[in-house]
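Presented below are the structures under discussion, each in the form of structure tokens.
Look at the two complexes coming up: chain A is in both, with chain B in one and chain C in the other.
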Partner chain A sequence: MKFEVSLVLPCIILLLGMTIFPFFFCVYISLTNWTPPSPAGFVGVLNYVAALSDPVFYGNILRTLTFTGVGVATETVLGIGLATLLNRQFRGRAIVRSIFILPLAITPVVVGELWRILFHYDFGWINYFLRTVGVPPVVWLGSAQHALASCILVDIWQWTPFMTLVALAGLQSVPAEPIEAARIDGASDFAIFFRVTLPLMQNVVFVGLMFRVVDSLKAFDIIFALTGGGPGNSSQTLNLATYLQAFFYFRFYDSATYAIVLYLIVLIFTMIFVRAMRRMGIE
Partner chain B sequence: MSQEKKEEKKVSRRSYLKYAGAGVVVVAVAGVGGYYATLPAPAPPTPSSTTVPVTTAPVTTAPVTTASMTPTYTLKAFDPRFQSWLEGTATELEDLFSQATIDWTQAKGQTVKLICMTDHMIDPLLDLVPIFQAHTGITVIPDRYAETELRDKTYMDLMTGTGLYDVVYTGDEMVNAFAKPHVIEDISPMLKDTSVTDTKFTDPSDVMNLDPCRYLAEYGGDNDIYMWPISAHSTILNWHKAKLAENGLSGPPETFDQLMDYASKCKRSDKGYYGFCMRGKRGQGTNMYLWPAFLWGFGGRFFDEKYVPQLDKPEAIQATKFYADILINYGPPGTADYDFSEDLTETAQGKVAMSIDDPVLSAWLFDPTRSTTVGEWWFGTHPGGPAGWFPAEASWDFAISTKSKAKTASWLLLQFWASVPSLSYTHMTTYHAANRKSCLDNPGYKQEFAKYNNLADVYAKSIAKASPTYRPKIPEWKAVGDTMGAYLSSAIAGEISAEAANKGMQTDVYAIMEKAGYYK
Partner chain C sequence: MVLALALFLFMLPIYLMVNISLKNMTQIFSVPPFSAWQITYANYAYILGWTDFPKYFVNSVIISGCSTLMALALGVPAAYSFARFKFRRSEDLSFFILSTRMAPPIGVVIPLFLVYQEVGLYDTYLGLILVYVTLGLALVVWLMKGFFRNIPVELYEAAVIDGCSRLDAFLRIDLPLCAPGLVATAILSIMFNWNEFLMALVLTGYERKPLPVVMYGFVTTLSVDWGRLCATAVIVVLPIIFFALIVQKYIVAGLTLGAVKG
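Showing the complex of A and B:
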């Protein structure tokens, strides 16, 4: 028994130091009014009450859910579509696959800065091409209506390749026999895809979806680089607000409070996914 | 794999312990070795206090030569165009060192770790470091970050007492925030200490903007100097002579009403340019750098005597309304997200007829690598309102951390960088206007800035007028300014009205001040 314990001991120590302790310390800070260098004073759940009575806080949560919902859904649909195309045999398939995956390899902050230039109203390429085809240019980042949409667009651009890879893995794990049988029975390509292929790959795609949802709920870097949460608060998500509270306003207690709330949101989604996975028979 | 082979592949307990133990020993030895290898060289014994009791009469000392140290160094300008200027500056600095009034080698062997910005003003300062290191034996290690990250890291390092950096690069709006909890060193005693302050390099009376670096008594301070400025910033109106003339206008607008009128006349979609541009992005250092000029100009103020915000008063609402209206109606689309760089792009590309921003932007309009409209811009002081004109006040400064173990070495570095030759080189090569009067009389500097039309003259007027309390120097300014900036940005984006924006500012700022204990 001692031998087994010694094998997992390094992992336990790491977990305690890097995950468990910081988590409980965060909970502790959320129950205080700590602003360095002043000492912390215990305030109980006052910070949570203040957060829950702040309309901006609810706005942050709503924007987070919008960002995640729209972004991940689009990435999933596009990812499956692209995977279907990339699963076919054609010349140069490997090169094309590598090119499609490139956005995933770029650091999110660099992606944000890059798109900030592309989105520029006067000098950006996006508006240039829009003008070329006769579409009026759009105020992407400087408009409260479009700022969050712009962030979602960039997120889709960067993370669709991830869902493509996941869907591709799913597609390649689908056995050929059911598809052949369906074809022999006279099913159309459309019916084969939706009635045979998709159900067979759903387990793999579901796992990828779960990862993306959890990751998207915590999105920070792209939004920070693109808009910084502005104009106003129109693109501010909960994770960004957590950062701003700590490092802009130096209100560690509010930051910790937001972090715990975000953790609970992520936990709820994770539990939903795990339940769904059990029902689908995914171990 | 067969069962026998699987059995063979299993690691025995003895083997595991042997290899694990060996691994731990290797890691431990490497860690200890690495720790000692990266330790800085031991510092020479230092006095228990860096300050010496102030004497009633200044003690004159004979010039100290540095003959024991032969200054050899290689100089390389950050931009090859400025190599000859750098060498000229080195000659001037050598001349100063030859007349030194202190022992510049007194902190020999120490290391100064500093955090500074990736911005251009640091490049020429770092060019000069070899000269400093050669004359002092002090090693300088810079850590550079973009502005937002710099502000965050500096704040964290100082407030948490980490002590990672000896010298920090920060704005003077933070002087009270850092001086109040005593996380930055009081420089005033060092200024009076003639064993560490070289009068050939450092002359407080020559610095134009030292007052904003004081921890003022009105904020509970001692009026001492806590930061050392290397630049002075304000706000200047940039106006395109040809574009204004094209619309029947001559000269810059001098009042808010004129500014709005000129902007309306100069918005020419047929000609491909807008009337006016300035920062709209939220932040205490972005749109909140410019908005106070309109608040003061309309007769408003941030707080009353008891620090109760006055942001829902008609004057403050008028300031927000003016700011939002001029940008919405006559500015480029998307100004709610405009920072300094967007302002510069629009102005330098000739996409606007007028803009208001830092003199740095104004000078860069003459940089052919940045501007397609070199020589076409002229400058005016910030337009005024019914209560007068109020240009912005800001500076970038160096401060010494109270956790520093190399305070003397740090102060020597600051003196070196704030000397007339260093600042002249810095400001000439980065198209800045210098903050030392002697720099303005420096022949090379004068010659260079004469190329910038009337910028030097307007800049001097603005700096002279700028008030140290342009933005409230309260420790909570970061939170207050960012909060207000978010509302202003919303108003510029057309999301909310000016009244709603100011109402939001009033509520949130009051909550910040209440939480900070101002209303007990």
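Showing the complex of A and C:
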């Protein structure tokens, strides 16, 4: 057995063992009409066809993509910006950096509950501030227009520190010579940042971005704790729908179908990312 | 300046959490939220005096610790192999490892629940540890792959020329050089395992459930026990903060090591 293969083998064996059965089980269930405790009856691709003509399904996909797109884009921009601020020298820098990861370190369940208090229409802090300033209070979680936006806001709050950490690491690895050379050549700070610093950071930031997109497409804890998908369907993403179908409606077949579709979406995104990374020379 | 504002905005909910944990029920929903209140330690006394709490704390420690150790033990050699050696299908294999992270947990959790009931792994340490290792391996392998890629091959080659076996060269040269990256990966793994909720909820019962599930117990359909929930949350987050503060400079240095090219 070649040395290099034997290093990889235990890892692969465990992963195969743990994922093969659940994966095929999930695919099988999506091809049936299993509603426990009734036995499962094979129905072929009927569930997928039904999903394709279900407007709620398309809504779920749209909401998932919106949640990920807006959330991750904002987190990345904010993260890079904050990283540049944190990269400067100032007193207490180490402590500030340490407490900055706190949003990441708190259990998502608690994060959801905390923000439910903040978003509360009558007693919440946010509306209290708005009233003091003279702005009419907003129904954050109880209205169909704002539910998803509120979830995105909390997601940004919790995960910007992750992108900040990643961007900070990227910034710290940027060698000084190209920046000095650009400065000597008379480039403005703006140009230096966008043409020199940012491209040099892209390796690290891209890997962080990829993991963040994958995790965001599967986001569950925060949305579940904040709105539970409601009101109605207005903040329901595909992963949430998977959970609700299984444990709320007991339509396990729908749950499995949505899970497979979500998996395919994530797979496509990841393949795009990995291809892009290979072409950019990161891989 | 901007940083202070950002800090204030990000820390506000944290402040809220600590705030609530020190209040009693009537004071939590007072309007305006900043009217005078007295500190009560009753919530913390309740949590820490609860006889079952150490059991769940120990559960979390054992599950998170063992999962991280196992993920590192399996993932680091694999990452090393992907980084250093080119063998048949290595790209496909590393993509397969990444793909294990793509599955939505809910789709996976039902079959796992059924199998665990049959096999007797429900509500055991081993059951949950196996799942967490599976979930964490992708992160470990891909992060460590980056770190290993940036250690110059020459050191390894020099060792092999001098008569070191390949395994020895790996253990004595490459691994120690990678210590910051290793620590960074370990911290991220521990953080994810410590706070994981859905798998723990479904796959453990009364005996082995870890802290996030315990905290969810404070959220019932009738009411939310805010004070005790936040007190527990503060206690649960403290070990992570403790680790993070100690290791903070390693995290940044570790990720840095992985980003320097050639």
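Everything below uses one rule, namely that the second predicted complex is superposed on the first by the 271 of 283 C-alpha atoms of A that agree within 3 Å, B and C clash if a C-alpha of one lies under 4 Å from a C-alpha of the other, contacts with A are read in each partner's own complex, and residues count from 1 in each chain.
Everything below uses one rule, namely that contacts are C-beta pairs under 8 Å (C-beta built on N, C-alpha and C of every residue); 3 or more make two chains touch, one makes a residue touch a chain.
Because the structure is a prediction, the values reported are computed rather than measured.
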Answer with first, second, both or neither: which of chain B and chain C does A:A144 touch in the superposed model? first
Chain A contact check, chain B vs chain C, more residues touched by chain C
Margin query: So in the superposed three-chain picture, is A:F248 touching just chain B, just chain C, both, or none of them (first/second/both/neither)?
Written below: first
| message | For A:S234 in the superposed arrangement: first (chain B), second (chain C), both or neither? | response | first
In the superposed arrangement, which partner chain does A:F123 touch: chain B (first), chain C (second), both, or neither? both
Just checking: does A:L62 make contact with chain B only, chain C only, both, or neither of them? Give me first, second, both or neither. neither
Could you look at A:V77 and tell me whether it touches chain B, chain C, both or neither (first, second, both, neither)?
neither
Contacts for A:A181 in the overlay, against chain B (first) and chain C (second): which applies, first, second, both or neither?
neither
Request  = Return first, second, both or neither, reflecting whether A:L52 touches chain B, chain C, both chains, or no partner chain.
outcome  = neither
Which superposed partner A:A191 touches (first chain B, second chain C, both, neither):
neither
Chain A residues contacting chain B in one complex and chain C in the other 3, 122-123
Seen from chain C, its contact residues with chain A in the complex are 2-3, 6-7, 10-14, 16-17, 20, 28-33, 74-75, 77-78, 80-82, 84-85, 87, 90, 93, 95-108, 110-112, 114-115, 130-131, 133-134, 137, 139, 141-143, 146, 166-167, 191, 195, 197-198, 211-212, 215-216, 219, 224, 226, 229-230, 233, 236-237, 240-241, 244-245, 248-249, 251-256, 258-261
Within the complex, chain A is touched by chain B residues 13, 152, 155-156, 159-161, 181, 183, 280-283, 332-338, 342, 345-346, 349, 351, 478-479, 482-483, 486-487, 489-496, 512, 515
The answer for chain A against chain C in the complex is residues 2-5, 7-8, 10-12, 14-15, 18-19, 21-23, 25-26, 29, 82, 85-86, 94, 96-111, 113-115, 117-118, 122-123, 125, 128, 157, 160-161, 165-166, 168-170, 172-173, 201, 203-204, 207, 211, 214, 218, 220-221, 225, 238-239, 242-243, 246, 252, 255-256, 259-260, 262-263, 266-267, 270, 274
Interface with chain B, chain A side, in the complex: residues 3, 33, 36-38, 120-123, 137, 139-144, 147, 227-234, 244, 247-251
